[in-house]
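Below you'll find the structure I mean.
To keep things simple, chains are lettered A, B and C as they appear, and every chain counts its residues starting from 1.
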């Protein structure tokens, strides 16, 4: 799909440069050149040249963002001169209210941690990838290693979560039993979830 | 007459299902379109034929058909059935209020069908738009390290107990969705069985009222079965009955010649569905 | 701090446009024009003009990302033509496709909101409880109070629904009228959309 192996140098980015822009826009951590080369199926040298070309053009055009190579990978950053408005924007944001879906997912993680995405999805009956991402972005949930059997990423709640709920530790989470329907016996313990 | 070529532009719910009737041949959706535009009289459509075709269509797909298509068919077939029932009612001169109400009901059914079609088409547009939008990925990445500390607080707005209640609700096992069979009756008895009981009672008593004969019935179902058994015995000339006044007490007299054994009352127990199906327990044991 | 109130039209974005680029780069959800105007202390009309100018220039230059007005705000998205490479890169699963029943139910809620379960069931002729629950779990539909007369729970679509459809607001829903027969009176007219 990427026809031009060489990055354009003009105002319009080449196919390769545009593809790099698309990928880096959604990357949530710096992406290494060889990773990009692999996804795009082009030579790493071409990727490097295109990235440097893009970074230079953003700077030259005085855009609000820049492309920087950090920690072995490339990532979009806001340009330093706009830090004051970005700070103002971030600070001014209203307190974030979680959606019902996010609250339910958070509740499942809190009581079943460490827990993988698949198990959370199985409990809630719908895919929860997006919501888990939101909770991670908001600092309420964090990764907690991998499942020794499946290798799936496990998640747990953060200390920020405890702080927001006004608890000193996880052991202060209220017991679930009083909130569960009476007729549930141990055998039916909903905690026993078959991973999907 | 439409050639039986599937038009892919038509509703995605039933792309492959076509009907072949005397008056119409073509995609199911087109049939609906014609009916709704009054181009085809609903009374000309044999719904049972459409249903038969749909069933054989599903059969031919051998498990590859999808639930969407089947449920779409059911929704529309139910509406068609309503429509047809209304259509078959006399629709001549409107001379009393009841007729007027019938006509109005028919118009409402048309409106309902068309309204459903409108939403179905809207749903197709929404689906296409979602697919299109699904090709664009939003930027959704963690805050740049330099600004992360400035992020506003997340407002949980819950006490720990309220949070636990949400967890309990989310973690409670959901009832496995099942198709309700509450409206289906497993016959707990059969007319033959009731005829046997009646024969025994009447041979002993000679004559009795139906009230007496059905006094031991456990429920309405059994009373009905016993009454049907009376009719069967009457047909077999085993009993006669008399009723002085309409809705009055019904008296039944045993009239069969001595020693005669009515067909129904004799013989082995019927092979109808009986309580405690054999086989179920075996199956469980095998597991 | 933003000296130029008007967006540049040339290759290089103006100060306002660049500031908008910087802010939108760190936003993780659509940002409303009035919010941007407030942070940047410029008129909302100027913000709107600058955003439309930026969006047009990205498209014209064939960049890998685009700026779209969705769910009442502006947000960066990857350009649709790069979906194949982005999909290769993004590890999260694709959004799950909705069933036909769910789509139809969603359509009824979208056009009739706020609406109760009974009304939705009446349109489709089948019980919609399970489907409504699925739509709620997926975050596409949410509760919107109770019917003042019957007390029944009412439902409406969410802003995530708008995001999934790429619509700026409910008023952008395609008109239902063309599909409807003429003789349905106003009371029954499902095309009457009340914006939330």
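Assume contacts are C-beta pairs under 8 Å (C-beta built on N, C-alpha and C of every residue); 3 or more make two chains touch, one makes a residue touch a chain.
Here the structure is a predicted model, which means the values were calculated and not measured.
Distance from each chain's C-alpha mean to the overall C-alpha mean is smallest for C.
Ranked by separation of Cα centres from chain B, the top chain is A. One simple way to say how far apart two chains are is to compare their mean CA positions; for chain B and chain C this gives 38 Å. Taking each chain's centre as the mean of its C-alpha atoms, chain A lies 21 Å from chain C. Distance between chain A and chain B, defined via averaged C-alpha coordinates, is recorded as 47 Å.
Annotation for chain A: residues 22, 25-27, 77-78, 86, 90, 124-125, 133, 137 touch two or more other chains.
Looking at chain B, one finds that residues 137-141, 143-144, 147 touch two or more other chains.
Taken together, the chain B residues at the contact with chain A in this complex read 137-144, 146-147, 150-161, 163-174. Within the complex, the chain B residues that touch chain C are 12-13, 36, 67-69, 71-72, 74-75, 78-79, 107, 110-112, 114-127, 129-130, 132-141, 143-144, 147, 177.
Chain C contributes residues 1-2, 11-13, 17-23, 25-28, 35-36, 38-40, 60-65, 76-79, 82, 84-86, 88-90, 92-93, 95-96, 134, 136-139, 142, 158, 160 to its touches with chain A in the complex.
Across the complex, chain B is touched by residues 24-28, 65-66, 68, 75-80, 83, 86, 90, 94-95, 98-101, 103-104, 106-108, 110-111, 123-126, 130, 163-167, 174, 176, 179-181, 183-184, 188, 190 of chain C.
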